[in-house]
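The following pair of complexes shares a single chain, chain A, combined with chain B in the former and chain C in the latter.
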Partner chain A sequence: MGLEQFKNRNVGQQEYVLLDLEHTPQTPMGKFKQVVKRTFKPELFVGLGVTMREMINALFKGQMHTIKYPFEKLPISPRYRAIHEMLRLLESGHYRCIGCGLCEKICISNCITMDTRYDENQRKEVSEYTINFGRCIFCGYCAEVCPELAIVHGPRYETASEQRASFSLFEDMLTPIDKLNLQQEYDGFGAVTPNADENIKKTPLAY
Partner chain B sequence: MEVVSYRNVETFVQHIPEVTALGVWIKAIIILAVISAIAGFGTYVERKVLAFMQRRLGPMHVGPYGLLQIIADGIKLFTKEDIVPQNANRFIFMVAPVITAATAFIALAAVPVFPDFTIPEWIPVIGGTFVPSIASDLNVGILFVLGMMAAGLYGPLLAGMAQANKWGIIGAARTAIQFLSYEVVTGLSILAPIMIVGSLSFVDFNAAQAGGVANWLVWKQPVAFILFLIAGFAETNRTPFDLLEHEAEVVSGYATEYSGMRWGMFFIGEYANMITISVIAAIVFLGGYSTEGLGWLWIMLKIAFFFFLMLWVRAAWPHVRPDQLMWLCWKVLMPIAVINVVITGIVMMV
Partner chain C sequence: MSVHNSINTGKPITVTIDGKECKSTFGKTILEIARENDIYIPTMCYLTKVQPIGSCRMCVVNVEGVDGMILSCQEKAVDGAVITTNNDALFKERQNIMRLYDVNHPLECGVCDKSGECDLQNKTMEFDVDAQHFTARDQHRPVENWGYVSYDPALCIMCEKCVRVSTEITGDEALKVKFGGYGSTIINVKQERNYASLGEAAAVCPVGALVQTHFKYTANAWELEKIPSACPHCGGGCQMYYEVKHDKIYRVTNEFEFTNLCGAGRFGYDYANEGVTKDEEAFNTAVEAFKKADSVIFAPQISNEEALILQKLKEKLGFKLVCHEACAYQKFMEAYAKVSGKNIYGGNLKALSESQGVIVLGTRINDDSPTVKYHINMASKWQRARVAYMHPIEDGEMQHIVTQFIKYEAGSEEGAVALLAHTLLADADIPESVRSVLDDLDIGNLSAESNIGEEELEALRKSLLKRHGFSLVVGEDLYAHPRAEQIAAWVALLERYAGFNVICVPPAGNAMGVSLICDLDEAAEGKTVGYNVKGDFTLSALGDGDLDMPALNQQEGTLTTVDKRVVPMHVALPYGGYVLNDIANALGLKATYTIDYTEQLPQTAGFKAAAFDDLPEYFDMVGNEHRGYLLEPQSVAQELALEEVGELDTFDGAVVYRCNPENHFSPFTAKSPLLDEEAVLTGSQQFATVTKLKDGERICFEIDGVRFERVFKIDTEMKGTIALNPTFDMGLSASLLSSYRFSRLSFEKCNNDKIGNNDE
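Then we have the complex of A and B:
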């Protein structure tokens, strides 16, 4: 692969216009002419027209910007790091966590506590698992380090609570077994937004 | 030049019954109640229109489409603590908002608002009283209204100087320069229509423009109309000239230290002034009202248009600096107004 793809940043459509600004008039006559021109130019009415157009757009063409927040919500980015979730295996319904303890180890605010033991099949099972959301800084390391995609960040971002300390247990975060078919995979850290292509713009430096 | 046919005025005057003191009292109470309510409703309309022009929804939560927001605001204003700052001149501080509100309503005394009617006979005590459309039909109506609105500027001036606050002082200083700038233009711009009609009474103005859109004074005096509108925006402290209380520059100007109902009185005064200016512009330049048919609906629409124009301009245009306002009024508008008066005089002589 050559460098051409990196050098060619002409992606997307831009409509940059170079303004044609006049020089400031120096002579009294020039200044007078400028005043007369600015006084009788219908520029001010263009401004009135713009606001009226926006009002018509908003009222009759459904271009109102307002989101009535508690009743309407915007979709969040797949990279958003909200309250953690524990996922299950789709086939068996067993939780994905293998009790490796990496998330507890990497957690920089020491908010994850876990305890494991061997079950009757000599498999690791999770006996204790809590996240202290009063300490958690939602850095996302736990989800990044997890080899099984077991602990992930979910879409629940409304987390106001009455107490600083708010512990979540393993069962609280685990996908309910009857809602297994609704379980969402976490796109993760490199995930791009669905409309990423439209958002790409040529940087002004490319000129 | 055209002479007003006073026959129209006479027929207009003839069928008006005698105006009693009781009728004037009732009219005054109606003006006070209805214009206060409209001023309150005006805040709602302003917030809604500004919101729509910025593609927002505006107040939505209190009542259907936020209509009861006015009541919520009113409760808030009435129940807030009435604070007088420590080093303020107590008396002047407390009296200043009353000046603004009172002069705004006194000005409305000489303005024809709402149709005249007679209270039905079956109502006890006040039954059979004729309520005039003008509380006080002065023969110098326009002069009185403009003078009263000018006197209203004492409100911000005294408020700014009495409150021992730097922003208030700046607001008061701006009040003074704004007053000195636009008042000349207001007077000179309305002088030309007065010369044509030959009277200072609103009723004469109305009679002079009777008989359709073609007779409106705005066609004879377009320059005076535009000048009067510009000066009217300055007179009511609306956006291109809202120097007195521009938040981004002087916090809240003359109203910085005010809270609760005293601040609310400034607000009501401002909205009442907006209505007064709209009424003057509608009567002097846009034909006013007619007594038969839907004439009163028409003047309501004209007034509503001017009110909407003030909100529209606020949404669209930035405001000017104080020195730009003085420059505009003294160097551009006043010469144009004088030239307009001179040309009108020459045309009338010839």
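Then we have the complex of A and C:
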């Protein structure tokens, strides 16, 4: 698209349309007539009628438009970026994080700190993982870079707390093991594309 | 190497690489010339410090007029050659090599320790390998824990660098290749010994197959900050990097392409004096203690700058300055200089590694200075050098290297060195005065007293015939010997008249620097201030003194190395307390930082007036060292005063030899948790018979006023009646030991109940 229409600053040649409005009354009598006419129009009752209709719909027909926050909450977009969650593997229940350290590296506000060690099962174990939510800007890079879809942004936007530390430990963000069946796969930043299966190349198995 | 080649070695040649005209000398490989001229040839298995391995074939190049591809790492360039390092065919060849390397390579970069500094990762990217087009049946290859290092055969690409390093450099010869096609693997044939020197083999591993066990999975390469420094333990001053994250050292690495680091350097880094704050009261007491002190006694584990501060304080306050190890070395080198005419010995490590004949005298070199041992090993492997090892105790760790073991009686070093001089100077062009002293030697008597057979010396002389490039390594046994000055004169004769590359291995820490900087006194008297030594007032970097001091990884400064180089150290860990410079300032010296003294190091001793921040720290593309500067040897007035060999005071019966195990040097290595080793008195079965001691018995004895309590362990590999007594666990008392390294053992058995549970 060219920029011609923006560069043309000659107002008179553009397609303005004049609205067909009444002329403002000029005489005192004319003004008086307009006041009386507006006052006794039935439009006030139309408005009251709408309110009455909505009230009846809400109270008796179950079409309430407001919700009782904080007892009720609206669903939130999967792309919303709130407090992080650490997901578990659905099969084994083991946490997905492999301790690769990419989230720590990519974090632009340097709020992720982790320590890893060599555990008894010869795995890399995450021995410490904290996010400083005083610094976190919820940019979503950590979720995007995570190769295991282990760290994701959850829908938990209520972050008022006496201490920010309440959210920042690995265990606090980890899906509780008894709620594993309720764990939702994340669709936002860093999630696999819908056509991921088509892009997979298989390694040849000649033997 | 053929005869024809060796004749032409060193002749100037010109070759053209990728259109660039490169001047060099004959004898260098194409790859070496390319690197000299900043031309990139990719390699996977090439390691500069060992001989070309040639297992990867990545370094192939085309040479005009030669069919096929040539391995540039092995092929010596000839004059006029026109070489192409990159074209489509070469790229395809290399790409195919990378494809093969990548077959079934575990996709665990996410957790692999090497990720981020991995040669395989880099080259896979470089040659666009993004898919695996063929495969092989994978095998079960479990991870093996070898102690200091762990080996994951699944990640191994069989480049063989580790095997070469273990054989050609460190000489432990623990790693071998187990051939078997796709099932080939590296095996550790000496697993039970758990060599810390395998850390060097792990360092050269281009992938994550061989890693330091303690470091495994604890941090990623890119998270660690590399702090260049020098290892302060043995006096080798080897190049190293402390890799630090969150004020904690995670591991130690080095410029593994060009230099080496022994186990103590690599695993003995965790000795910092942590959690120290400024204790003003203790500081004021320290200043007062210095004012009142009659002597200051210190351990040689200090930097050149600190030594200079102590020297300046001595000049100002007039106390005696005592450092036993350095003092003995200083006296030895003074006597040495009178004959050689130079204030420092003439040898260096590079010449040692290029020698065809090496004589080791008066040192258990594998334990005293691993880096010197590595260079002897290089000479042995590359030059097939004759290595004569002269010592009262045989060392099993040296048996692959040593071609002739010459045993002499403990205490008869003077006789041994005189016999050696007599043998090696037989045909040399020497002044009449020296010749007459040599002729006057009572060879029969010396030979009988020292127990060195004349036929042994004759064999040594013959073995050195028709060879060139000789080195003599002498060590700590000689420095504290009662006749050290005479011994020094004999050794210096060999440097001056027999053309020997002589290295007088400094006894401990920075003893060489201390001996060059300080004007040392022999014995302490009156009130003492100790620095890392027990005194009436003790400054200690071990955290157990009256005032805390920073450990050597917490302070800036320079060290003087066995290679006669002054090298910088940097701060790896924070330190919150007072340093020696603060005390010096309170006593009237003036310097903002300790390193302000770097420029003032005495030029009369060979130091240069270079500021600390101007000292370079790098290796160039072909491995030339640019680290600090080399000491400038100073001329000393010659004064040849050879005395007759004195009465040889030999030791009979049970004798102990002061000697730390391979990975330990000082209380600082003892403090490092990774180098966990129990200090025990080790002797042979014969020693046990003579002393009527049983394995595991606990005894007490005293040397130089230091009381030892030791468990006795029998080592079946040892022979003779000399036992090894370590000192590294003695803390602040370790540096109080001043006498000759061998001493007669008079002991009493300790009450085992009183001491508590033993292993019985």
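The working rule: the second predicted complex is superposed on the first by the 119 of 207 C-alpha atoms of A that agree within 3 Å, B and C clash if a C-alpha of one lies under 4 Å from a C-alpha of the other, contacts with A are read in each partner's own complex, and residues count from 1 in each chain.
Definition applied: a contact is a pair of C-beta atoms (placed from the backbone, for glycine too) under 8 Å apart; a residue touches a chain by one contact, two chains touch by 3 or more.
Keep in mind it's a predicted model, so treat the numbers as computed, not measured.
In the superposition on chain A, contact is made by A:E104 with chain C only, not with chain B. In the superposed model, A:M52 lies in contact with chain B only, and not with chain C. In the superposition on chain A, contact of A:I137 is made with neither chain B nor chain C. In the superposition on chain A, A:L149 makes contact with neither chain B nor chain C. Using the contact criterion defined above for the overlaid structures, shared-chain residue A:L44 touches chain B, although it does not reach chain C. Shared-chain residue A:Q63: touches chain B; no touch with chain C. By the document's definition of touching, neither partner reaches A:L90: not chain B, not chain C. A simple residue count on chain A separates chain B from chain C, and the partner touching more is C. For the contact definition in use here, the chain B contact set and the chain C contact set of chain A share no residue.
By the touch rule above, chain B contacts chain A in their complex via residues 49, 52-57, 60, 312-313, 315-317, 332. The touching residues of chain A, when paired with chain B in their complex, are 35, 39, 44, 47-48, 50-52, 54-55, 57-59, 63-66, 68. Listing the residues of chain C that touch chain A in their complex gives 110-111, 115, 131-137, 143, 213, 216-220, 222-223. Residue ranges on chain A touching chain C, taken from their complex, read 98-102, 104-105, 115-118, 122-125, 147-148, 201, 203-207.
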